[in-house]
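Across the two complexes that follow, chain A remains constant while its partner is chain B and subsequently chain C.
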Partner chain A sequence: MPADHPEVQRLSNGILAAVAPLPDLESASFMILVPRGEIDDRPGRCGEATVLVEMLSRGTEHLDARAFVEAMDEIGLDRSFDASSEYLTISGSLLPRHFEKGLSLMKEMLAAPRLDPAELPAARQLVYQSALAIDDDPAEKVFVELKRRYHPPPYHRPFGSFPEEILQIEIEELREAARALPSRDLIVAASGKIETEKTLSLIEKVFTDFPNREPASFPQISPERKSGAEHVEKETGAQVQIAAAFPSIPFSDPDFIKVSLATAVLSGGMSGRLFVEVREKRGLVYSVRAFHSAFRPYGTVYAYAGTTPERAEETLRVLVEEMVRLGEGVSAEELKRARTQLRSRVVMSLESARARSGTLATDLFYRGRARSADEILEEIAAVTPEGLNDFLANHPFRDPFVLTLGPEWRKR
Partner chain B sequence: MTEFARRTLSNGLRILVEHRPTALSVGVGFFVRTGARDEVPQIAGVSHFLEHMAFKTTKKRDALAVSRELDRMGARANAYTSWERTVFYAQVLPEFARDAVALLGEMIDPAFLEEDFSVEKKVILEEIEMYNDRPEFMLFETMLEKRYGSHPLGIRILGTRESIGPLSVEQMREYHAARYRCGNVVLAVAGAARIEEVAEWASEITLPEGGVARPTPSVPPPEERFFEIERPEDKTCHFVRAFPGPPSSNIKERFLAQIVSILFGDSEGSRLFWALVFPGIVETLDVGTLSFTEDGIFYIGFSALPENVQKSVEILGNEWRKLAEEGFSKEEWDRAKTKFSTRTILGSESILGRMGSIGGDELEGLPYHSLAEELAIIDSLTMEEAREFIRRTNTPLIEGRIGPK
Partner chain C sequence: MPADHPEVQRLSNGILAAVAPLPDLESASFMILVPRGEIDDRPGRCGEATVLVEMLSRGTEHLDARAFVEAMDEIGLDRSFDASSEYLTISGSLLPRHFEKGLSLMKEMLAAPRLDPAELPAARQLVYQSALAIDDDPAEKVFVELKRRYHPPPYHRPFGSFPEEILQIEIEELREAARALPSRDLIVAASGKIETEKTLSLIEKVFTDFPNREPASFPQISPERKSGAEHVEKETGAQVQIAAAFPSIPFSDPDFIKVSLATAVLSGGMSGRLFVEVREKRGLVYSVRAFHSAFRPYGTVYAYAGTTPERAEETLRVLVEEMVRLGEGVSAEELKRARTQLRSRVVMSLESARARSGTLATDLFYRGRARSADEILEEIAAVTPEGLNDFLANHPFRDPFVLTLGPEWRKR
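== the complex of A and B ==
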């Protein structure tokens, strides 16, 4: 395996610059992570973060919307601007010779977005439509409904919860939100066919005039999570969507690798317990899985299955039983398979500049440091069956909150 | 950068390997030249159901042992069925490549146990229902059904409750015996592996020799030009308009179709982006090509709120007409080419992506193309050729919508 040496440097204005070169690749990628997400949306403005990102993409002080798009297309910048719960991300992949230009364009977008009021109605309309479209995708909708009920403020208003609020967003609100962005606790991560020192200097050069950062703070959340079950009726679905949330630990917890291994045992591949028990043995579903997702203050493990109404009761029962049963421990064979799966993922991520720059940025965001691939592989190798089972016994998956969406399935 | 080699074994199995010295993984795929279009309506969905059965009991081990073996290798493994092919693939660390080839080779000759079959039939029926909750998918399927009518390309990949329900394991065995023959199979490998070792690993394959013919009946004109599926429960409408497109063998035309798709309908910076997405009239665009042995489709589609559909269809028609009549600028053309080339380079970094291109091309009777050769084709495309493509692709075949009225 080739060496993976991430280097991190804090610029004089506090921005974190990070580079992990992958010299065997042809491309370069960057991810700019701005800690301003859905949780920072104003009250009554669910969707604000997404509208903000949409408006940012519509031009800068010097380039109107069309000129900005053309400038990015001229250098073949393959880009993505996204808003999630705790941050915005501005990602791009491109050929290394255009790296400086690409990064500079993104910096301009953050430093001096045009925010032309004439663009606002169209931007709102676009985002509004994408919120409504969630209603037509029951597998996605079930998670919006679950998160709304399960997570405490300010995590309780995921995108798609209140589409009408998108249409209320005003330009002044966006201007205020955008003004604050350059002073956020930014992370600029890069990977691919780039050189460490040169790229760190480049990032410094591009972002040097950003103001001093304000350290990000995150809400204090009490450890108690909601449990129970609710059903949201949607008569016309063919399937019942089942989503369950189980309390778990955040990314920053040193035991986090054990949760990754646990979810791999449940759902990492076709010998995963959920796949075997719910799908293979009983034919109850096509789709079943469990996965970990975390916010800064706490973590959640979600389980999901989609099935027809007649099978919903059994599916839910088996799903939850398997999640709970994991607390009794895993076999050495199961751990070995889980370990290989995680190891494969780590090594294969080094074949993608986009993947590497992404994990660099999120590592810094959640853990405050950039782990090398070797470090992660060592962490994986260090977990023993006893260590994992001890952890599972003390942190079993239990007392979930379950949300089902679709036709009525509960027996009277 | 990469080294390509091919070999055909005495049983007719073709092996293609693109060796990349710097790769950290190996992508292996068995590409079988069979799919929905090789079925008849009574057994619609048998290819896809068979794909599922490959993950069950084989001649050497039971279903759980197959899953455990895949996971023991840490494989990123999956399979898919399309209209003209069924593909079984895995991406693994190099130390597991031999085992991956052996296992996949074993899986494509399943035991077809009755008990596996009856449990898996339920899973297939669940999958059919899952897609019934996806309007965009239903629209596309219906469009193909109506465009092709009784021609085999109109058969649904998943089949229907009516065709899957009564399907017997004997019918599946018969289908397998007819179609899964070495002459109909390609083993494509990309990454940290070499032809000599792959050829050795593949020597255990148990499929019989021989090739299989694929009749290619003439394609009739569609019987309907327009269809509508009402789903009052949906919030969003989806629309698609289909034009004649290039068959698989016409590489140049397929590349032209891709670049025209980017110029006209890319999700950023294209004609339709500015006319429809940017002003917030539609939510998403979907423009692309499907190529089959004897025919193809070039399609333009979007999703929008019901009140915007009529307007969007008009704008779409006007923009296409404008493009055909007035052409496009050199700057627009250069940007489309840059996007196309950059995406091709980015895509080539994916081991599974390369495996897919190599296997798919061979199955379609196309010569191998390295990344450099693909970029050379893109580079050679001229504005005049693109204009000609647009002119040829003039008249829509069929269009349809799904959603609330």
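== the complex of A and C ==
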């Protein structure tokens, strides 16, 4: 396994510079994580964060949209701009010799974006189109409908909830949002063919004059999670989409590794319980899965399956039964397989600069520190069958909120 | 860039063993490509190839379904089994010390599959479910509808065309199909932390007693390609899905690299013409793209966009105009950017054993030989602006067949 020694340094404006070199690779990657997400969208403006990143990508004070794209292409910067619930991310991969130039362009974009009103109609329209496209993708739509109902404010308005609001967004609102982009806890993470000291200095040099601003305060949420079941009828789909949310712990919880191992027992590969019970033995569905996701204050384990109306009842029953049954414990053999899977995921992440800069940034965001691959492997190795089963007995996956989407199936 | 020296050797039963070590990596990967695809499905059995791989994965003569899964999990074999138009693929990644065991299990599965009738109902059902799921994914469905109409026999029945036929498949049909799996031109490609000579010998040792069988003959197809436009009404979607097929050359054509460069000018990244003209300037769609695909006898360049009914006419017009306009040539600047993109794709493929074993197998299948990364980079470097523009003038992307799917839009 390649050595992995992440280093983190805080700049005077509160920005976190984080570096984890992977010198065997040929390319370098960065992820800039800005702690301003969909939860910070103003009321009646669901989609603002997505329009904001789209508009940010359209130029700086000094470079108009066309010139900015050409400047990025000239250095072969393979980039993506994304908005999610709690943050925006700007990711890039490029050759090491262009690293400083790439980072400087991204910093200019964030600190002095152009936000040209002439670009807004096209930007709004295409974000609107992407929200409408979710309507045509039932496997994605079912999660939008689930999350709208399950999550407490401010997490209750996932992208795609209210497409029409996107068209209401005005340039002044985006300018205000851009002027409020925080420097404190903004993360600049880098990996690949780079050197630790040199790259930390480089990040400091590029980002040191980023305006000093505080992020919004940590969201206060209700401790209650919703349970029960609802159906959203959509006569046009062939399948019933089934999604369920089970309360869980956040990434920052020291026991979180046990949730990872538990979801791997359920859904990690072809001997996962859900795969075997729902797919292989009964042929109820083609794809079934469970996965963990979290916001800073709390976590959620989601389960998903899509099937015909005739099989929806049995599929939902087996799905929930298998989730609940995990509380009765897992076998030593299952834990061993789950460990192998998590371990290989850690090792493989060291073969990609893009993956490593991403895990570096999110680790810092959710845990406040950057773990090395060795540290994660030790966490995995330290979980005993007894430890995992004690945890699962005390934190069973139960009392889900279930949302089904598609043809009516309950009367059958 | 890591060194890349692919080596190929033919076994006495016609199997091609191919190896391209990437010793910097920690894992090893293989891809077994069996030249038996959906085009070999018998009449009235659309989906047979997919049910066949699903059933192959359910055990060998010596290991029942459960024992087979456990044997694969025990060595941490991360695998996938797929059927496509012209071949089946079995891909796996694992630690180098388990490589021989993994390969042996896969060979047993192909040479002596269990094909247990008790497994068939579940296997058929889940493949059926996956075909139905395409109905609920308009962006995928539009390509099934396009391909059914555009491609000549035997390429005219892509997976998902006739879901009901899946339920008709009988165990004797699968047994017959399994007994006919060809050895000649079956490809076993390996990459990652392996040694050339040792691995070639290992593949020979494992596969030498695979029964000697000939593949089906090379498909004879009509030289005519369909053009025109059709609409498939589906009132339930929010968007109109637009897909177009333009005739092109096969992978084996020495000019193929020019098609790759041309599609990169159209659709490679954010300064691609389609991205700029359809998305950035006009905001007509969120995602738009063009890409090349090919069967052995001929190639196709596909274009795709999804938009609202009100914008469908303009989107389709701009999309086709941009494709046709490529015949007027590209600028030196555009060629330079396209080259950079293709080059970085080649370099990055050397950072993944899975990707490299995949390109090794498909290169052998389509071109009859395995190119090194250096050879591909030389091909890319050798294309001049004049050479590319001459080619595009003689092979413009025109006379497409267009299929739209979704709400009626033509009367608006």
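Please note the rule applied: the second predicted complex is superposed on the first by the 405 of 412 C-alpha atoms of A that agree within 3 Å, B and C clash if a C-alpha of one lies under 4 Å from a C-alpha of the other, contacts with A are read in each partner's own complex, and residues count from 1 in each chain.
The rule we apply is simple: a residue touches a chain if its C-beta (ideal position, glycine included) is under 8 Å from a C-beta of that chain, and two chains touch if they have at least 3 such contacts.
Worth saying up front: this structure is predicted, and the values here are computed from it rather than measured.
Contact with both chain B and chain C is seen for A:285 once the two complexes are overlaid on the shared chain.
By the touch criterion defined above, A:69 lies against chain B and chain C together after alignment on the C-alpha atoms of chain A. In the superposition on chain A, no contact is made by A:359 with either chain B or chain C.
Looking at the shared chain after the overlay, A:191 reaches neither chain B nor chain C. With both structures placed on the common chain, the touch criterion links A:263 to neither chain B nor chain C.
Of the two partner chains placed around the shared chain by superposition, neither chain B nor chain C is touched by A:404.
Of the two partner chains placed around the shared chain by superposition, chain B and chain C are both touched by A:123.
With the contact threshold set out at the top, residues 1-2, 24-27, 65, 69-70, 72-73, 76, 78-79, 121-126, 129-130, 132-133, 135-139, 234-239, 269-271, 276, 279-287, 306-308, 337, 340-341, 344, 347-348, 350-352 of chain A are in contact with chain B in one structure and with chain C in the other.
The touching residues of chain A, counted against chain B in their complex, run 1-2, 24-27, 65-66, 69-70, 72-76, 78-79, 93-95, 121-126, 129-130, 132-133, 135-139, 234-239, 268-272, 275-276, 279-287, 306-308, 311, 333, 336-337, 340-345, 347-348, 350-353.
In the complex of the two chains, the chain B residues touching chain A come out as 22-25, 55, 63-64, 66-68, 70-77, 91-93, 119-124, 126-127, 129-130, 132-135, 231, 233-236, 268-269, 274, 277-284, 303-305, 331, 334-335, 338-339, 341-343, 345-346, 348-351.
Against chain A, the residues of chain C that register as touching in their complex are 1-2, 24-27, 57-58, 65, 69-70, 72-73, 76, 78-79, 121-127, 129-130, 132-133, 135-139, 234-239, 241, 269-271, 276, 279-287, 306-308, 337, 340-341, 344, 347-348, 350-352, 406.
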